Amino acid sequence: MQELVTRAKELLADGTVVRVLGWKRGDLSYNPEPAYFNSQEELEQFVYDGFCGANLSKYMIEGSKKEGKTLVFLKPCDTYSFNQLIKEHRVDRDKAYIIGVGCRGKLDVEKIKAQGIKGIQNISGAGIEEDTDTLNIRTIYGDKTCTYGSAMLERCHVCKGKEHMIFDEEIGESKDTKDADRFAEIEKIEAMSPEEKFAFFQKELSKCIRCNACRNVCPACSCRKCVFDSNQFDSAQKANVDSFEEKMFHIIRAFHVAGRCTDCGECSRVCPQGIPLHLFNRKFIKDINELYGEYQAGADTESKGPLTSFTFEDAEPGIVVERR
Amino acid sequence: MYKIAKENLSALFQTIAETKELYLPVKISGQVNFAAWDEEAEVSLETLKTVKSPKDAFFPQSETLYTCKKEGKKITIDPEALKEKEFVVFGMKACDVKGLEVLDKVFLSDPVDTYYAARREHGIIVAMACHEPEESCFCKVFGVDCAEPAADVSVWMVEGTLYWKAGTEKGEALTKSVESLLSPVEEEKKDGLAAGISELEKLELEKQKIRGIVEQLPYTQLSLEGWGKEENLDEKFNSPKWEELYHPCLACGTCTFVCPTCQCYDIKDYDTGHGIKRYRCWDSCMYSDFTMMAHGNNRTSQMQRFRQRFMHKLMYFPVNNDGMFSCVGCGRCVEKCPASLNIVKVIKAMGGDQ
Amino acid sequence: MQRIGVFVCHCGSNIAATVDVKKVVEMAALEPGVVHAEDYQYMCSEAGQAKIDAAIKEKNLTGIVVCSCSPRMHETTFRNAAKRAGLNPYMVEIANIREHCSWIHKNMEEATKKAVILARAAIAKVSLNTPLQQGESRVTKRALVIGGGIAGIQTALDIAEAGYEVDIVEKTPSIGGRMSQLDKTFPTLDCSACILTPKMVEASAHEKINIYTYSEVEKVSGFVGDFTVDIRKKARSVNMDKCTGCGVCQEKCPSKKTPNEFNRGLNTRSAIYTPFAQAIPNVPVIDREHCTKFKTGKCGVCAKVCQAGAIEYDQQDEIVTEKYGAIVVATGFDVIKLDQYDEYAYSQSPDVITSLELERIMNAAGPTKGHLERISDHKAPKNMVFIQCVGSRCADKRGKSYCSKICCMYTAKHAMLIRDKYPDVNVTVFYIDVRTPGKNFDEFYRRAVEEYGVNYIKGQVGKVAPQPNGQLLVQGVDLIDNKQILMEADMVVLAAAIEPNKDVRKIATMLTASIDTNNFLTEAHPKLRPVESPTAGVFLSGVCQGPKDIPETVAQAGAAAVKAIGLLAKDKLLTNPCTAKSDELLCNGCSTCANVCPYGAISYIDKEVNDHGIRETRHFAQVNSALCQGCGACTVACPSGAMDLQGFSNRQIIAEVDAICR
Amino acid sequence: MSIEKTNEFRPKIVAFCCNWCSYAGADLAGSSRLGYPADVKIIRVPCSCRVNPMFILRAFEKGADGVILCGCHPGDCHYTTGNYYARRRMTLLFSMLDYLGVENGRTRVEWVSAAEGVKFSTTMNEFVEKIHSLGKNVRLEDLRCRN
Amino acid sequence: MMQSQKEKAELIREISGVNPSKCMKCGKCSASCPSFQEMDIKPHQFVSYVLHEDIDALLESKSLWKCLSCFACVERCPRDVKPGKLIDAARQMVIRQKGADYLSADEIPELLDPELPQQLLVSAFRRYRR
């Protein structure tokens, strides 16, 4: 991590960049926040550890509007989002100096708490250089441990790989964290009866409080004004008035990012109600892969997305029934 | 003071539910929130903080105000009926109860919000002590004692026994209705031979233990110096710190929707095809269309919206309400903010201003 | 709030027999905004239209709904009626209660109920209609034809004859194209040059036609009626005004080793050259790549021998910018490369040739002066084998999936000509199918077989193996006799597939005209608009659209000309107002909409906007309403709902949905 | 009206038809007097690619029991490519609805040319029958819209 | 188990992965075939036999054992039909029939005869090793 700080200071000093977009140490051991650093002194607050899950690429939409170049730290999975944003002219490549940072999986404090660990005072073992599989957690109620893997975000278990799709330089080692099949959960649901599926999603979506965190954090949701905030479709927008509204919102949210979603997993990470929102996006990804050929949004900045292209031989919508 | 064994609680809930609506922390798909009780409900009283605060029970996220119906060219208006049935909210925490005091200031002062008032009138609160406070809690900063929740009924859960103490007339009435399931606590009896102390003493020890833990919490020593005073208003408002602080904010409504004191709402119409339902729903000052008017919005940047939330909680509200902050230190926003921003970071960052 | 009038038509008994028209009127009158409702026997009649006229004027209507037959029938009628009454014609909606209701339902109650709902939907829609104005755009009365082959020449001539200026841009030094390389043409066997040259001369002499040879289209902007095109005139190194076309320079040029493209590389040419004797213009160009002067700085023979002093070594490429109202693409074709077809030994033996090479060999002006001989040893062949479908109808990557269409006929032509001129040469044709649809085509083929004794074998050749003695061993199959055939041939002629000119892709991109997977330009409609590109103002002439023979090409060239003339004849273009429109405050410039637009109607601009007090420069989509045809693909592709379709807006369609589901 | 009072389930069905092929196909069905149930109500759109998934969900929200989208046959689109985009969009949308446990069969896409009056009528008859067999839409409706 | 001609045709299509309806009857396979003269059913006919589901005749044909599996027909077929693969598949069917479907690798030596093309052995092993 110190290497990142040193390099950031160098780049600030030699004028390559005028600011740094990274993560700032939080006031608890697990809540660093995305932050701009404008000087070498401010960089003393910089942190990069297992809790730096936030994908900084979307912040570069604003970053691109600022004067001068911004140094941005991107994890391997974040670089897909950045590419996609370039493709959609939402960020300016020339305004960004990208350091691809290593990643050994990102942690979710909710997963630690779910293991019955309360009153956390300090967590060690989350550092990026620490080569340990155990997190040691000091709490008000005694010392606890858990494995790194058990505290990892879902997305890291199905990691797309630790390669940066776009960068100016790369710093730091990564560790492969993939230990599950990306589509296993989707297949499990697909195999359910319609009644079971309906019950499953009804229950999950009933938790939705329409806070819009999933939308606002999503790098693909970069509309100036979401259709759900416009008066064209008069949606309930922020009110959880009827179960239909939740379904409508989540279907359309996923549909709007279909073919553009890089599966960065931010939506699931931020949901205050723990709704596995990636199940929607990933369903579309799976369908696109199966019906229109493998496609990974954000793997490049040129390719045409699957919903803005077609082939004459595309499957008919009836395939949905035939495949069952 | 009464008590009931933990294993008999479901009988208690059943009895309450026979005559009243009962809301309590229920786990659904892995998350605990206040919900109506039924026999299948997975009740989770151990959960310290429900994701959303229980303010829904009094001020629902969405509620219909009235319905317009159209027949031919005639329009009729039916106001929604006010709450008439008694209901019990079981397991609210001291901070949540304090949150209601904040809401009362808003909704029960003139003009009275009749929908809210009806719910307050018919709602019976059973508040529970926080036996294992966590690192995100800072209720003590706002003068809340989580060991001694004051409500219609206060309850403690010690070693598998729920202790029950009515605090108001409503609470007495509720106690009466379930008396058959409760047994009185005999103040003199030293039940634990080894401990040799009475149950009341044991309860006092538990409260002290809780207060001890609270002292150790990282945010407990937070200073509110400078906040809530009119003379500092301009200085806080104009502080350059806001510009640095707001950056990570995603402009989602998580903090406002989990907050026990946020009380802003929007009023919208829904066309059902047969008429219009006018409903109100929580709004969030984090949203770009909050207080949107025909000419646009008086807060045009996210910094201004971000500032609004904290200035409201820590300045405008206390200035207008005899120093009562509209934050109760429940720490839900600390836990749930997707960008790890929170009111504590704001208080700390701005604390050094004066 | 709109003031809506509803007019319910009985259509005699067509509607009234199954729909209670009075009930529809009664129910419609209750809808919000409806201030007038009436019924009439025939709404489309003059008396019916007069009722509409009167109601609009008396009740000050802002929108009307006519419940009648299909809008495909009378929408225009009622729009015109509204217009006459002073109402914007796009404030009219039709509820189709005949085709979609009275004619298909028997139960009066049901049909009436449905008619009421359809009326409600139309009322709900019209409440959200906004007056739309047909846009106008001016038309530059000049056409550009890209490609100077027979297709381009014919199109240019036809347009010029109608009185409009036409520019032809031709990449090579002369117009004439593929047809100028041909010897004879089927099925009449007249000499290609004899019929083409007069056309070339006519085009070059026509006062309305301006020819840019040795030039290429560099950039296209604008849209139908108003294109701006940059044309690069490549440096010819010869002054066109001074040159007399005497040809001395070519004779004296010491560098004569360059493969002659016109003769398909069968012989060589000088570095300063005109591609062929009848070239127009008859002005040579210096091929700078092969010219000693340009390569080494030494030489300059041509300048010395040129009496007219026309040689200008320091000439530079020149960019000409012109405005056009219409653009015709006539970029033609080439034959495919055969290096992948090892089994036919095309790369190994000079005596395995393509049919186009045979054309040059047979041509009196060709490398052998029209004498049929082997390229390897100049001996006259005794046995010739023609192989059909080389690279055509091919499922693999080596060839093309389509039928090249012209090969069957030109092979019959070649076989016939050879048998006629050299009766002792045996000609064998291996074919898969012989396709001769066309006037006198099959008769022509039969003559080759019956009168000229050409040996047609149903079957394909598997291998051509050059032998040490210079012969070609051909191994084929006769599927009728079910025999494998091994025969020696002196020459093998391959009917190579044709493909669109390689440059078409570049040109299509500039024009935002769509092309198919085979690089043929796509027509606006495969049956009904075969000479128009989906991009307005762009027309297709000749093989760039699909394989064609000469008469078809000429016919299509004429058709493309007529379409272009039809456009140029207009002073102004009225545009369909039901076009997409982007909300500049919502659009984030992501370009998704442009990716799905089939007409290239969407471009992006950077402009300062005032978004409720926030002033900033934003990058957003703009729809060119002259190009947009109003399909709405962009509106759905746009995630933020910034793109909407006028006349079929999101809110209008939703209002219809709501009214129906109510 | 008395139809409303009978207990028989009368589905609400929205049919989006493209202006150039399917709407004309429906007109042809009409002029050929090829009947189909009155439950089907047609909305005219310029092209199948104009149909936003939100329109379909909106219909269900407001109480539709089935939604069918008709457009030109692939390759015949008046705008050359519109129905290809529609095809992908609808395939993905339908797949998502199926995944959420909404009965498949409530949505359908059919390519109907201007000459296929018979096909239009048969398709609508089949579709109405299918919706009858599925019964009322309860998984995608908004309860507020119930009568 | 007795299979109908239709089932056999299905099987042969499945084993070979060939779609015989792609054939445009150009005969290039037969034109390319080095063993053409010795075959009773010619390579292009193979495709048509499968298309017309006349499999028994095919299985009895001596052509099966004359094909060298040089795959010239596969390489040169302009329609990507791969007649050679059909022949290969037909041979598989015969072998499977003899050994009651899916014989094991050690049974193969006794089935060997000098006429058997080597390619067949190789592909047989490839298949039966699965």
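As written, the chains take the letters A, B, C, D and E, and residue 1 is the first residue of each chain.
Convention: contacts are C-beta pairs under 8 Å (C-beta built on N, C-alpha and C of every residue); 3 or more make two chains touch, one makes a residue touch a chain.
This is a predicted model, so every value here is computed, not measured.
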In contact with chain B and with chain C at once: which chains are those? Just list them. A, D
Which chains, if any, touch chain A and chain E both? C
In the touch network of chains, how many steps separate chain A from chain D on the shortest route? 1
Farthest chain (mean CA position) relative to chain C: B
Between A-B and B-D, flag the pair that has more C-beta pairs in contact. A-B
Counting in whole Å, what is the centre-to-centre distance of chain C and chain E, each centre being its mean C-alpha position? 46
Note: chain E sits from chain D at a C-alpha centroid distance in Å of 49
Just give me the whole-number Å value for how far the CA centre of chain B lies from that of chain E. 78
Contacts with two or more other chains, residues of chain C listed in rising order: 596, 637, 650, 654, 658, 661-662
Spell out, as numbers or ranges, the residues of chain D touching 2 or more other chains. 53-54, 58, 62-63, 75, 81, 85, 89, 142, 144-145
Throw together a list of every chain pair that touches. A-B, A-C, A-D, B-C, B-D, C-D, C-E
Complex interface listing, chain B residues touching chain A: 28-31, 33, 48, 51-52, 61-62, 132-136, 213, 216-218, 244, 247-248, 250-254, 256-258, 266, 268, 270-271, 279, 281-284, 287-289, 334, 336, 338-342, 344-345, 348
Which part of chain C faces chain B closely enough to touch in the complex? 30, 612-614, 658, 661-662
Interfacial residue positions of chain C with respect to chain D in the complex: 70-72, 96, 98-101, 103-107, 109-111, 113-114, 117-118, 121, 514, 522, 524-526, 534, 578, 596, 598, 629-633, 635-637, 645, 648, 650, 653-654, 656-658, 660-662
List the residues on chain A that touch chain B in their complex, please. 26-28, 31-36, 54, 59, 114, 118-121, 140-141, 203-204, 206-207, 209-213, 215-217, 225, 229, 234, 236, 238-241, 269-270, 272-275
Can you name the residues of chain A that touch chain D in the complex? 186, 189-190, 192, 194-202, 227, 233, 241-245, 247-248, 251-252, 254-255, 258, 280, 283-284, 287-288, 291-292, 306-308, 310-312, 314-321, 324
